[in-house]
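Have a look at these structures, which come just after this line.
One chain, chain A, links the two complexes that follow: it is found with chain B in the first and with chain C in the second.
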Partner chain A sequence: MRTTPRILSSEKIMKTIKKDKINTVLDFLIKKYQVFGPVQKDDLVVDFGRIQNGAQACLEFSNTNEPAKKLFFPQAETLFSYTGSDAAQVSELKPEKPRIIFGMRPCDAKSLSLLDAVFDGPDYKDPYYIVKRKNTTIFTLACRRPRSNCFCDSLGIGPFSKKDTDVFMADLGDRYVFEPITPGGADILNKIPGLENARPTDAERLKNLRSEAESKVARKVDLDNLPEKLARIFDHPFWDGIHQKCLGCGICTYLCPTCHCFDIVDEQKDDKGRRIRIWDSCSYPTFTLEASGHNPRATGKERMRQRLMHKFRYFVENYGEIACVGCGRCINHCPVGSDLIREIENINNLK
Partner chain B sequence: MKNPYVPMPVKLKAVRLENETGDLKTFDLVFVNSGDAENFKFVCGQFAMLSINGVGEAPFGIASSPLTKEVLRFTVKKYPKGVLTTALHNLSEGSTLGLRGPLGNGFPLEKMTSKNLLVVGGGFALTTLRALTKYVLHEKNRPHYGDITLFVAARDPGEMLYKDDLAEWSKRNDIEIVQTIDKPVEDWPHKVGFAAPVLKDLAPSAQNTTAVVCGPPIMIETCIKVLAGLHFPDEEIITSLEMKMKCGIGKCGRCNIGSKYICKDGPVFTYKQLKELNSVTV
Partner chain C sequence: MDLQTKLRQEARKLLEEKLVDVVIGYEDEGAPLRTTPCFITDPQDVDRLVWNPFCDHNLARYLTARKDKAAVVAKGCDTRAIVVLINENQIERKNVNILGMPCGGIVDRKKIYNHLKNGDVREAVLKDKVITVKGLEFTADLMVDDFLADCCLSCRHRNPVLCDVQIGENLPPLDVKDEYKKIKQLEESTSEERWEYFRKTLSKCIRCYACREACPLCYCQQCFTDQNFPAWVGKTTDISDTIVFHIMRAFHTTGRCVDCGACERSCPNNVDIRMLTKKIAKDVKELFGDEAGLQLEEKAPLSFYNEDDPQDFIK
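And now, the complex of A and B:
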């Protein structure tokens, strides 16, 4: 697993810039880096996109519709291409320029450390993910507008978390402050022209904003005993009911920052083809359907159980952490109003 | 960094029909690049991903012994809905395909030394058990094991796999071969009945014995029960599991039983491990 070097707090010099100058920061970064950040897709939706000039960034948002995982683990990605039955040709995996993700929320930043455990774990390494990750610097933007279904606090993250990032940013109202977290982040920050040293009162202001934001994370869930509880209820009748209203659409898994299941398929036209990996979902019957027709997770019951067990028990057993960051996307977007927090409460209350 | 998703090119050296139904074919593969052949080190019980460009990829147990360097052998069942298995069956000798591996943990051969071995195989799950039997019968290895019994169950005589191997092994006096088919057939000299009841009648001794059971899920389940009834300790009952797989390296998320991935942590598990995962199959 990745261990991020952190810089000593004595070396952490907070910088600041007026809000109306933030575009100059981005314009500077764009010269040297591929910059991705939140962009307005339509009136309601903000999502990560490539930023070609500073004005495209939309830093006034609650959270992006889609999580940041797609920048490291795209929804569809070519593993290699081929002609006829010839051997595989792998393209250069390294991006043309190093990348910066500017304005990721702390919950999504945390999700990357969880994905690192899977793709950059102790055994098999996933070069497609790792190369993108190694060539990317993360600027998180503290979250001052948690949404109604956010519960990051319950996962030990919090809207002003400074973990799992290279540079921490926060919106002070009229200015942004920047705090370097890793040496790599500090290097970039030192080169950005036009930044001033933060004001002596900014640390205090940050502390207050942090408390204010944390108090806005309205929903809480008790996860303390959940992995152990789940280990005891694999055969509980509870699972017979929980999946009944689920449509199996998979949106909860696609929009989950930590869900990483994928399919590998071939695409071919004439003699040119490629093998791609695409997001898949444990909610789909085809996920485990075998060529023989046998399906070990034949109904919604087994599939729903797998989703919850994977996040809150198996992932913990394998990597020591819960595979959830409390972003609330699965709750916000479920077409039938399934509520993960309520399901967990129901599990907690099972005898 | 090694790219675990990129297959090595292999050529289909020989293919032959394995059963009367005609849905099982055995493929002998050779590496196109000599470097790949040298680097491909595997143990019995491991599997590999076979792929055809433009069609797809799926996992198959390696049926040849690691001591047989000339070819890698796989036996594949063709399913009407199996896109890859159908395409594999349509390949002619000389075709190029892709191979990734070896994958998975393999049988715990070290732990099995100096023990008696009871190898129980049903249907076409005999593949990795063929590799195991070939391996332990090799003159270099045979002295390290006690009595060896191979128990093979098939639907009918025409579905019995690896008939040449069975005939050859039957001539030896250092392995006992027990064959059973589901229903009586004229001139069948061996046993008749489903695997589990025939195994129960056979009542192999659990004394210093490791049992390796592979087959359809229902056969694994029933045979494990029989063995447990014969006082085989849970850690001495070994099985190999199968599930749909895509990556083969514990990332794509589908082949888990509990927190263990069959591809990476298996496919070989002891009954003890399966009990701890509160599942015999999935």
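And now, the complex of A and C:
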């Protein structure tokens, strides 16, 4: 598992820059790094994209529609390709230009530490994931705009969390402040021209903004006994009703920062082919369909149970943490209004 | 008596007299600007049912999988979908009890989010035709009619085309202008412009299949996208794979799509899915004079042949 070295607090000199100069920071970084940041895709959709110049970044947003996981675990990724009867060509897993993800929310940053447990754990190392992870520096942007379905607080994260990042940033209104969290983050921060030392009052201002942001996280959910509770209710009649309205689409899993199940498909045309890893979803019937035609998770009931069990029980048993960061995307985007928090409350209330 | 009360009364009657096993309707779980589908089996629970302009799901989607007898709350477009399902032998008329709702249009909440510059709506109260929305830093009074879904703005079938009980009086027909405005613009653009439009909107697709799953008429036991032997379409989000999926899905709805807009509303990434189905519906209407789901025992235009069928497209 990736261990994050943290720097001494004496080295944590906060830097600052005026808001209208933030593009110069990005423009500087873009010369040396591949920079990804929130980009406005249409009136309602902001998503991570490669930024070619500072002006493309959209830092006034609540959260990206899609989570940051796709930058490390893309929806479709070629594992290797081949031609004719030659041996398969594995594209060299050498890192390209180092990357910076600029403006990730703390919830998404936390999701990466959860994905590390899966793709960079003691038992299994995924080179495709690891090479991207090692090659990337993360600048989180504190969240001053938690939305109505955010509940990161209940997962111990919080909108101003400084964990799981290299550089912590916050919007003070007229300026941004930067705080180095890891030595790598500090190195980059020290090289950015135009940053000034933060003002003595900034720490206090940050504290106030943090309380303000935390007060906007209105929804809470009690997760204390959930893993144990789930272990006892696998056969409870509760599951017969909960899935009824679920359409069985992939929104909640694809937009989840921690869902990481995948399928492997081969594509071939003439004598050229490639093997691709693509996202898959436990909501789909084909996820568990066996070659014989038998499907062990035959209906929506088994599939929805699996989704909740995996996030809140199996993941805890395997890695010691809940596989949820409270970003609320599954609730915001569910076409039939399924509400994860309500589902958990219902489970908590089961006898 | 308001329609919601009347709806609850009818639902109670159906369950108490055991005429149906379940009533499929809408309930309000407190999320602003939304309702959620509900499945009521106990007459004591009928007061959960709501009827308002946020009842946007096409509940006909839940009928095909059922073996019991179900009553379903259905707007004009939803009843058209039920007619198609009956005509295509997917449900039996006797197994579905249609609670038909004359519908003045449903709200597209994405339009409200857009109007509020993606503002975070934390509370919404509907009174008459005014929605009072509140966020942490704003309050606004919005008129329902200013935020109706696009499909509702060109709706020609606001009243149920088939039902067992109609809740409320028929609404007068809507004065529809420019039903195909957007489609005509696309038709008149150059193929490069069209391609650019398709590429731009479809590149947002994440292949979650919510459009397919929300569609009452996408009931194939195995969708072509899920077949892997042979694989008809690639599973990646490469634009060519995505376009194949959307075009094939749209073609499968030819002469069947009732333009309820469920596909588009379910999309998490704002893909303009309805543009394809609406274009096909326009072609079907122009070529065969047909609109899907208007009467029982009606044959779908692609399921039979007439000697005078247009064949100008054969070159």
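The criterion applied here is as follows: the second predicted complex is superposed on the first by the 348 of 351 C-alpha atoms of A that agree within 3 Å, B and C clash if a C-alpha of one lies under 4 Å from a C-alpha of the other, contacts with A are read in each partner's own complex, and residues count from 1 in each chain.
The definition used in the following text is that a contact is a pair of C-beta atoms (placed from the backbone, for glycine too) under 8 Å apart; a residue touches a chain by one contact, two chains touch by 3 or more.
The shown structure was predicted, so the numbers you read here are calculated from the model rather than taken from an experiment.
If you put the two complexes together on chain A, you find that chain B and chain C both fit without a clash. When the shared chain is aligned, chain B and chain C each come close enough to touch A:D263. In the superposed model, A:Q244 lies in contact with chain C only, and not with chain B.
When both complexes are overlaid on chain A, the residue A:P335 reaches chain C alone and has no touch with chain B.
In the superposed model, A:I13 makes contact with neither chain B nor chain C. Across the overlaid complexes, the C-alpha centre of chain A sees chain B and chain C at an angle of 90°, to the nearest 10. When the two structures are aligned on the shared chain, A:F234 is found in touch with chain B, with no touch to chain C.
In the superposition on chain A, A:G273 makes contact with chain B only, not with chain C. Of the two partner chains placed around the shared chain by superposition, chain B is the only one that A:H310 touches, whereas chain C remains out of contact.
Minimum Cα-Cα distance between chain B and chain C in the superposed model: 5 Å. Note: residues 263, 265 of chain A belong to the chain B contact set and to the chain C contact set alike, using the contact criterion stated above.
Against chain C, in their complex, chain A makes its touches with residues 41-45, 62, 65-66, 75-76, 145, 147-148, 216, 218, 241, 244-245, 247-251, 254-255, 263, 265, 267, 276, 278, 281, 284-286, 331, 333, 335-339, 342.
Those residues of chain C that touch chain A in the shared complex are 29, 31-32, 34-39, 57, 61-62, 110, 113-114, 118, 120-122, 136, 204, 206-210, 212-214, 226, 228, 231, 234-238, 265-266, 268-270.
In the complex of the two chains, the chain B residues touching chain A come out as 1-7, 9, 32, 51-58, 77, 79, 81-85, 95-98, 217, 243-244, 246-247, 249-256, 258-259, 264, 278, 281-282. Within the complex formed with chain B, the residues of chain A that make contact are 79-80, 82, 84-88, 90, 118-119, 121, 123-128, 130, 234-235, 260-266, 268, 273, 275, 277, 280, 282, 287-294, 296-297, 306, 309-310, 313-315, 317-318.
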